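Below you'll find the structure I mean.
In this document, chain identifiers A, B, C and D correspond to the written order of the chains, with residue numbering beginning at 1 in each.
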């Protein structure tokens, strides 16, 4: 089974870059499933129902979220009706929406889980280690192929989480820092891992935003309006090939696809 | 001018990996200067005078530090006598030691600066943006070749810092997360940049430490004694080539050198 | 029912002050139960088995803890055998020890709960609001008289927590900041409340520690060895009178008892 | 010299309570100067030029601010023209506005300083200890009577700051937590001190806001719109009497003034 996952899609430039990437990615990688993190899709802040449908029409099978999940208010009710949009699984009990789904296609079954780290994040969420171990045990009854987006900041927490699930899931890929790391690997137990996939959007920027206001903020501490950057569109992603019988990863490859929008 | 910089050297395995790497690096890259971040050299926690001399004997020209700078108490007095050991420049006025140095060799002059980020770090330090701009203005009177180790956590702060100094210095390389990033580049103004260089030490680990105790900590919250890992020694570094006239970077290349200790 | 609760007992001076206070408090308030927070009893850091017994011999019925619960390693096993020593209830499932107890005396029954806030604390603990609501529902089957020590930093979280349990428990008293607040009150539902009880120890200090090293730390950021202060011993506490039938608070009074040790 | 200082004025209820309090306070305490922290005066978030004038017309001599200083955008330019409105002195160099002022009245001269803590606050601000020591040395050339509002969260930092300036200034009073503490005292060097003055506004609330939305936030982690409370208006303040020759405090008294608005 072949899976492509795109890192945080940031704003209109990110969505446009995604739209242009998908045909190229399809022809090159022949993925069975395409996933994307959409937490910054709506002008950098969360996702709307309209943009969710836009993603689904592009052929994205599952959209994961992160700390920006609730930035757009309408999502609180919308997410209850759209199971392909996942919020982090470790929000408290009774939070709207779900943090996992099993999708089917080409006669194959892939479970996707979205979880969020706590260090330097929203630390009051439930323990992602314990919750994910539990849900993975359930999901394995349905399919050995499990793909986890771990949206987190600290490298220590991300690597520990990946090692913790090594042998239990097919892939743990990190998101949130918007910078792709060079540590893609397959752990001894067969789990594909990367600390961060990166982001889709304007790369002549500070993680997708215009440079000057960010510098203004860091040098003055005054409140500053951030705006999205537009130059150097690129999609960052990861390709993982999974053995369908065992659920073990066979290959992991980094993707950085530069595009010219016009 | 050719410079090689090694990411955080972690413990005895990291030091041994460094020792074995240097001859290979010398013959392959022919560096004029070799730099290393030594903040985790002493069992993961800071550096001692003895280990400082060990680094210098290996041919390291300058050692930078970070948030672990003061873990070993003797450093507070030692650093005042050893100018090749740099603590982050943005500690308060009157802190022992210095955060920059100009080194000479092969008829060439390189300024090295060590600075520390504030987001998710020790945020009470002085503003690294403002302090570095000031010192860089001074240093440029001596040499256009300036190499900055920015020891920081948040990708946003690191990229903003690199962009802020773009055109002012030859290179800004990040350290502290212990995970090498895949975003090495030369910014439009001529500054070589990478968000994180990675670390030197045992890579079958969580950023250099044994995996199991870290997972115990994340799953129980109980205090846990961390121990250093020993398997899969590797040195992570970065190579930067600088035009000596202009101080602009001509090339930046990531280094990941696996070694077998025995 | 009359209850006296002492704020965080800090080190030897705090324990000695407690020892001298108890007879005075007994004769003045005639308490049915005496409780104390012991998280700083062992030299400022946690509590030992020996000091636990010292507290019990003084007539303390229940000892609560906080973020310093595990500072002394032996506590991890000891707490499993000593139910009168409570660690915060919102540690993860399977943490050693318990966070509540029902004690009996004079034909009366008092439930005591120890919980910890998350804002500016150890935020990865479980949600204290949800956990306490649940346990309180259970405890009310046994007794309407329930006394909660909420060990937390942020005033907003402490007041919200007290308001949340208003009408469910007899008292919510805050600890951890070591500064007694002047907002003791009985909420409309009948729950006695104070944001912080204060601490027992040397008050010519910074929250129990010598002043000079703390100032050194704030002015230099260098690591500093903190030592306990010795001057101006005082016990801070709170007196609550509870209607035994309804569990509602009838009275709350602040205690600040200065002592001369010699 | 007699000075009354009011804690954080929160929203319209706080302003109305302040308006009703001032005549009572004037006749009872006969203050030479009245000061107030206005960081929450505009609907809880910062202060506007219009509300600044409202305060001045009520007879407030100096208005201090805190972490909410810049919530209302117009303040960035307005504060440059209105020296009686103080932002924390430890913002970076070149920040608009000032952090101190000397006011005169009844033939007396009082220096007022506004500073902000860093622990659990905006830690990237400059070191308030070092900056205040410096400015105080300057101000003492003009008058020995110096009143400092230290807007901070952590009790440790607040007490250390007060002890650090003991003997240098007439008073250090804390703000920001919105809960009045019961530790008002005069330190050995003659500096009046209290960890927190409290706030002016609706006290049937969580630090001035409606209770239910705050509880919703703590129990669900979902984004929640906070609204200001309206019941139980009260002004919290502090009265300090200062010896004009020496600048030493002679008396410190807590104020809690309940009012009925109608």
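The rule is short, and it goes like this: contacts are C-beta pairs under 8 Å (C-beta built on N, C-alpha and C of every residue); 3 or more make two chains touch, one makes a residue touch a chain.
Here's who's who by UniProt: A, B, C, D = Metallophosphoesterase.
Everything quoted here is computed from the prediction, not taken from an experiment.
K.L.:
What are the mutual neighbours of subunit A (Metallophosphoesterase) and subunit B (Metallophosphoesterase) in this structure?
P.N.:
Output, common partners of subunit A (Metallophosphoesterase) and subunit B (Metallophosphoesterase): C, D.
K.L.:
Pick out whichever of the two, A-C or A-D, is joined by more C-beta pairs in contact.
P.N.:
Answer to which pair has more contacts is A-D.
K.L.:
In steps of 5 degrees, what rotation angle do you get fitting subunit C (Metallophosphoesterase) onto subunit D (Metallophosphoesterase) on the CA atoms?
P.N.:
180
K.L.:
Counting residue numbers used by both copies over all numbers at the interface, does the subunit B (Metallophosphoesterase)-subunit C (Metallophosphoesterase) contact come out same (over half shared) or different (under half)?
P.N.:
Over half shared, hence same.
K.L.:
Could you check which of B-C, C-D or B-D has the same interface as A-B, with more than half of the contact pairs identical by residue number?
P.N.:
Repeat of the A-B interface: C-D.
K.L.:
Need the CA-centroid distance for the pair subunit C (Metallophosphoesterase) / subunit D (Metallophosphoesterase), whole Å please.
P.N.:
30
K.L.:
Which integer distance in Å separates the CA centroid of subunit A (Metallophosphoesterase) from that of subunit C (Metallophosphoesterase)?
P.N.:
Roughly 43 Å, centre to centre.
K.L.:
Which residues does subunit B (Metallophosphoesterase) have that touch at least 2 chains other than itself?
P.N.:
Expected reply: 92, 124, 127, 130, 219.
K.L.:
Considering only the defined contacts, which subunit B (Metallophosphoesterase) positions touch subunit C (Metallophosphoesterase) in the complex?
P.N.:
70-71, 73, 76, 91-92, 94-95, 122, 124-125, 219-223
K.L.:
Please output the residues of subunit C (Metallophosphoesterase) touching subunit A (Metallophosphoesterase) within their complex, sorted ascending.
P.N.:
92-93, 118, 123-124, 126-127, 130
K.L.:
What residues on subunit A (Metallophosphoesterase) touch subunit B (Metallophosphoesterase), complex-wise?
P.N.:
It comes out as residues 120, 127, 129-130, 153-157, 159-161, 163-164, 177-183, 195-196, 198, 206-207, 211, 214-215, 218-219, 254, 256.
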